[in-house]
Amino acid sequence: MDKLVGLAAAVATHVGDGDSVVLGACLEANIPFAASYEIIRQGRRGLNIIAPISDASTDMMIGAGCVGQVTGAWVGSVSGGLGHNYRRAVEQGEPQPITIRDHSNFSLGMALMAGAYGMPYAPLRSLLGSDILKSNPAFKLTENPLSDAAEPVVLVPPLRPDVAVLAVQRADRFGNAHLWGNSGVTQEAALAAARVIVMADELVETEVIRSDPSRVLFPGYRVAAVCHVPGGVHPSPMVGRWRRDNAFFNDYHQQSRTAAGFAAWLDEWVLGPEDHPAYDAKLGAQREALRIKGQALAAPANYAAT
Amino acid sequence: MDKLVGLAAAVATHVGDGDSVVLGACLEANIPFAASYEIIRQGRRGLNIIAPISDASTDMMIGAGCVGQVTGAWVGSVSGGLGHNYRRAVEQGEPQPITIRDHSNFSLGMALMAGAYGMPYAPLRSLLGSDILKSNPAFKLTENPLSDAAEPVVLVPPLRPDVAVLAVQRADRFGNAHLWGNSGVTQEAALAAARVIVMADELVETEVIRSDPSRVLFPGYRVAAVCHVPGGVHPSPMVGRWRRDNAFFNDYHQQSRTAAGFAAWLDEWVLGPEDHPAYDAKLGAQREALRIKGQALAAPANYAAT
Amino acid sequence: MRRLEVPDFSTQELMIIAAAREICDGEVVFVGMRLPITAFGVARLTHAPNAVGLFECGLARDLPATETLYTMSDPANQQGALWASGLVPVMGQLQGGRVDAGFIGGAEIDRYGNINSSYIGDHEAPKVKLPGSGGAADIAAMAGRLIAIMNHDKRRLVDRVGYVTSPGFLAGGDARRRAGLDGGPSAVITDRAILRPHGDRHELHLASVHPGHDVAEVVANTGWPLQRLTDAGETPAPTAAEVAALREVDRDGFWR
Amino acid sequence: MRRLEVPDFSTQELMIIAAAREICDGEVVFVGMRLPITAFGVARLTHAPNAVGLFECGLARDLPATETLYTMSDPANQQGALWASGLVPVMGQLQGGRVDAGFIGGAEIDRYGNINSSYIGDHEAPKVKLPGSGGAADIAAMAGRLIAIMNHDKRRLVDRVGYVTSPGFLAGGDARRRAGLDGGPSAVITDRAILRPHGDRHELHLASVHPGHDVAEVVANTGWPLQRLTDAGETPAPTAAEVAALREVDRDGFWR
């Protein structure tokens, strides 16, 4: 089934107000910023953003008023520091209050894993002694029923997001995709989510993907939409394709110190450009400078059966 | 650290009497038969063999008297049917009685996953209603503490094997390895085991493995020994390298119908040849006929950073 | 191989086609080995072009393999697969409720669809040690519905199995629900007939008799007093399209 | 960047070298970003050639990256990695007791080594919302030992943190053990000194003062009555080999 659609159509169809959305499953790499921007443009409200570490994406969406809840371990700007919109939302309720469901990276990964594999919960040794157990009421402290000695175990309820937007190096139009480099919680998010939007840097023939099924992290039949968005992860990096735009992150971090500065930034980079190609054109030479031109190819692997 | 050693030395050093040993983590593919044979030659006793589906390997080791316990989901010959040595051991105590720790494939995978990731147990919805819960006392039936309604959950204790022997297409001498095709419980076994023996069909320079870190299922530092054993998975298949030797499996299945037939088979194929090269030479043209000569290469993946 | 009176297909071919009919288009199915994987190929070529097959060794596949498979991990099942992964991610789809149907076999099945593939006799001192569950217990417990494939005789279709490897409706009625399981058997395809669970008790009833067999013979070869569904008739003979699809999948004539 | 009296290294370089000394040969270490990852490179080039670094984004790496990293997921940290996997398999090594040490930072640390990187003030109405744990809570709970890196002032080294993101010895004594955790902080490396837990109470004590600083200054900038270990002296100055290694790792002079 051909699932290739434009990013605006994919967001319009699959991301609804109030949905829980995984954006940034690969931690600092492969963040689908083009999708975050499009969600902002379409004015989605009350989203529950799920990501272990979102770099600046979650902060932007909070500032733009799209977010009702954050289920994550870290919100800010990885190379910059504090997330200014995150602070304003939590400390001052600006542009609106948000609910935080505190996690650590591992507890979030285990929660998505539990969702992916239909586990009733994930039992964890982490978070013991941490006040995360107090500030997030979803966790439950129990004793290990298999242990004779007292052994505390934290139960993490599964996360089954409504949508996961996942950026990959390449995909075919049927939803089969290759991702390489670190994968963060990509596999778990894809298998746990009700709907998966694949954002492919390159659109390829299905034979390319089938040539290497071990590089597939989730089966194509779980994918609802495929969007071909070259450079859609900008300003985050993607190995073999794009370097991180450190200057862009720093600029965002500086401008977002004030609500007015953030509003200006948002107008310039998100609300101004009507879509990703317009954003891309605005980046211009800066974007080309980030393109990885070197080649460091994986050693060949033979899948022949005879 | 150079970890390259001969298979006999690796077995002598790392597989002790009474050890729990993963042999056959990839289900029907990539079964490290050469290691099973070597363990038989060295006369190990009282092993606890862990494998979801071992094809004929576990049956052979039982018949050879190496096994005290089987922790697995299925023992037999996948294309043949019943495991005759397994039957003799369980039904008649010949050559000796063995203990069975019944699992399903999924419960065994989850048990190794719990061992790999340090989980106190894995909570499971499978095995409910199955008598496997009765015949294996390790499982515990509980209620989900996060659910308001009654919701039974089976707790599977973690498995942390003493040794895992894992066959891969290629490895370097430091323990870094590439495996492609289905991986069964290879990753979980490698991460759960105290010691890992990698049996590489091809020995390569470390640059080959580093060229594609996403094809690495477990980090080289977890590996205790690397053995270069071309064709060591015979008679099981390995994608891109070896077809399954169906005739050999059938012959084993027929010959092992009686204890005497099995003893003759064992003499001919395991105790007779002094090592894998001798076994390989004995196979002769039969082995070459199984070699996969075609090429179906994975599409290139670029890891360049700049 | 025994031939039916109708000369165009063997009993095994009829079983394969009956199994193929159990797969709906777009479904995700644990197809296992032997007969079901051939049935899956037929279903894809006829009424279910978008069905996907899962294999517990860690594979998802849509296209039939290019040669006859002896195991699900054979290279011919890997080359061109949609997803080559591990046991846990693939079987985790079962537990996550993402698998529509599964096929399994076994040594014994009983009137409530419980299957034994572990022990004949007391499991602590069995008369026969069978190979065990493999993934069957998981598929039976967690697939949306279960299709069992069995040879039809009294030693195999028994009143109650001595050991439940793969749960069906357990003691019948709501026993399966009370044990915490959804799903359950939807069909048992034998070499003589098709049985399906009926009513609140979920007892297996005769749904259809294969061409060349009759009700009395089926009842005589069943280990409990087999009742008939009100609409029980003859299993529809394979269509020309089904036979053509099967011959395309079964290139070597393994099932003829 | 502030210079010490000793002209050959900056304070940050001294911190990096002190951190490198905490890594033993052959160890598996969660190295995180910024200062610790540089320290890891120095340790590999000097006394710990077989140490391996883990990154929660899903990487294991031994060789230093070929260029300055801004995040652990930068392409330069991926190319040539030993293992590119997911968060769960890599962080699962922590929970499995397979990680010898970990480095983390934070906004505040207290006398028992508890670290806050979540909230300043009441977490339901915080004065400052900090970014949160990331992987820090996991590393602090489950690494064999923890090395914390902090700037040394009274707002950061406090008597008790208001919110424990990453557990140290909690209320001291056996509180950490009673909570179900092994391990715990083994060193706090600041820009003025090194602190280490002491005795049964596990209270952080002064272990050494960096060259160019003195005890009174360190005590004055610590938010609890800081006690000294009996053998507390000066942090050994970097050796020529250590400085050479650092200059090799820090090609761009980021830390000079």
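Note that the chains take the letters A, B, C and D in the order they are written out, and that residue 1 is the start of every chain.
Operating definition for what follows: a residue touches a chain if its C-beta (ideal position, glycine included) is under 8 Å from a C-beta of that chain, and two chains touch if they have at least 3 such contacts.
This structure is a prediction, so every number in the text was calculated from the model and none was measured.
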Quick one: which chains contact chain A and chain D both? B
Reference chain A; chain at largest CA-centroid distance: C
Between chain C and chain D, what is the gap in Å from one C-alpha centre to the other? 57
Chain A to chain C: how many Å between their CA centres? 40
Per the centroid of Cα atoms for each chain, what is the distance between chain A and chain B, given in Å? 36
Length of the line joining the C-alpha centres of chain B and chain C, rounded to whole Å: 28
Multi-chain contact sites of chain B, meaning residues that touch two or more partners: 118-119, 124-125, 151, 180-181, 183, 187, 213-214, 239-240, 243, 292, 296, 303-306
Indicate the residues of chain C shared as contacts by at least two other chains. 59, 74-75, 78-79, 81, 84-85, 88, 92, 94-95, 142
If two chains touch, include that pair; go through all of them. A-B, A-C, A-D, B-C, B-D
In the complex, chain C touches chain B at residues 33, 55-59, 70-75, 78-79, 81, 84-88, 91-92, 94-95, 118-119, 123-124, 126-138, 141-142, 163-167, 170, 175-176, 179-181
Residues of chain A that touch chain C when the two form their complex: 1, 115-119, 176, 187, 191-192, 210, 213-214, 216-222, 303-306
Touching residues of chain B toward chain C in the complex: what are they? 26-30, 52-53, 55, 72-76, 78-79, 81-83, 86-87, 90-91, 102-107, 109-110, 113, 124-132, 134-135, 151-152, 180-188, 237-240, 243-244, 246, 249, 292, 296
Mind pulling up the chain D residues that touch chain B in the complex? 28, 50, 52, 59-60, 65-67, 74-76, 78-85, 88-89, 92-98, 142
Listed in rising order, chain A residues that touch chain B in their complex are 118-125, 140, 142, 144-147, 151, 153, 155, 157, 169, 178-181, 183, 204, 208-209, 211-215, 239-241, 243, 292-306
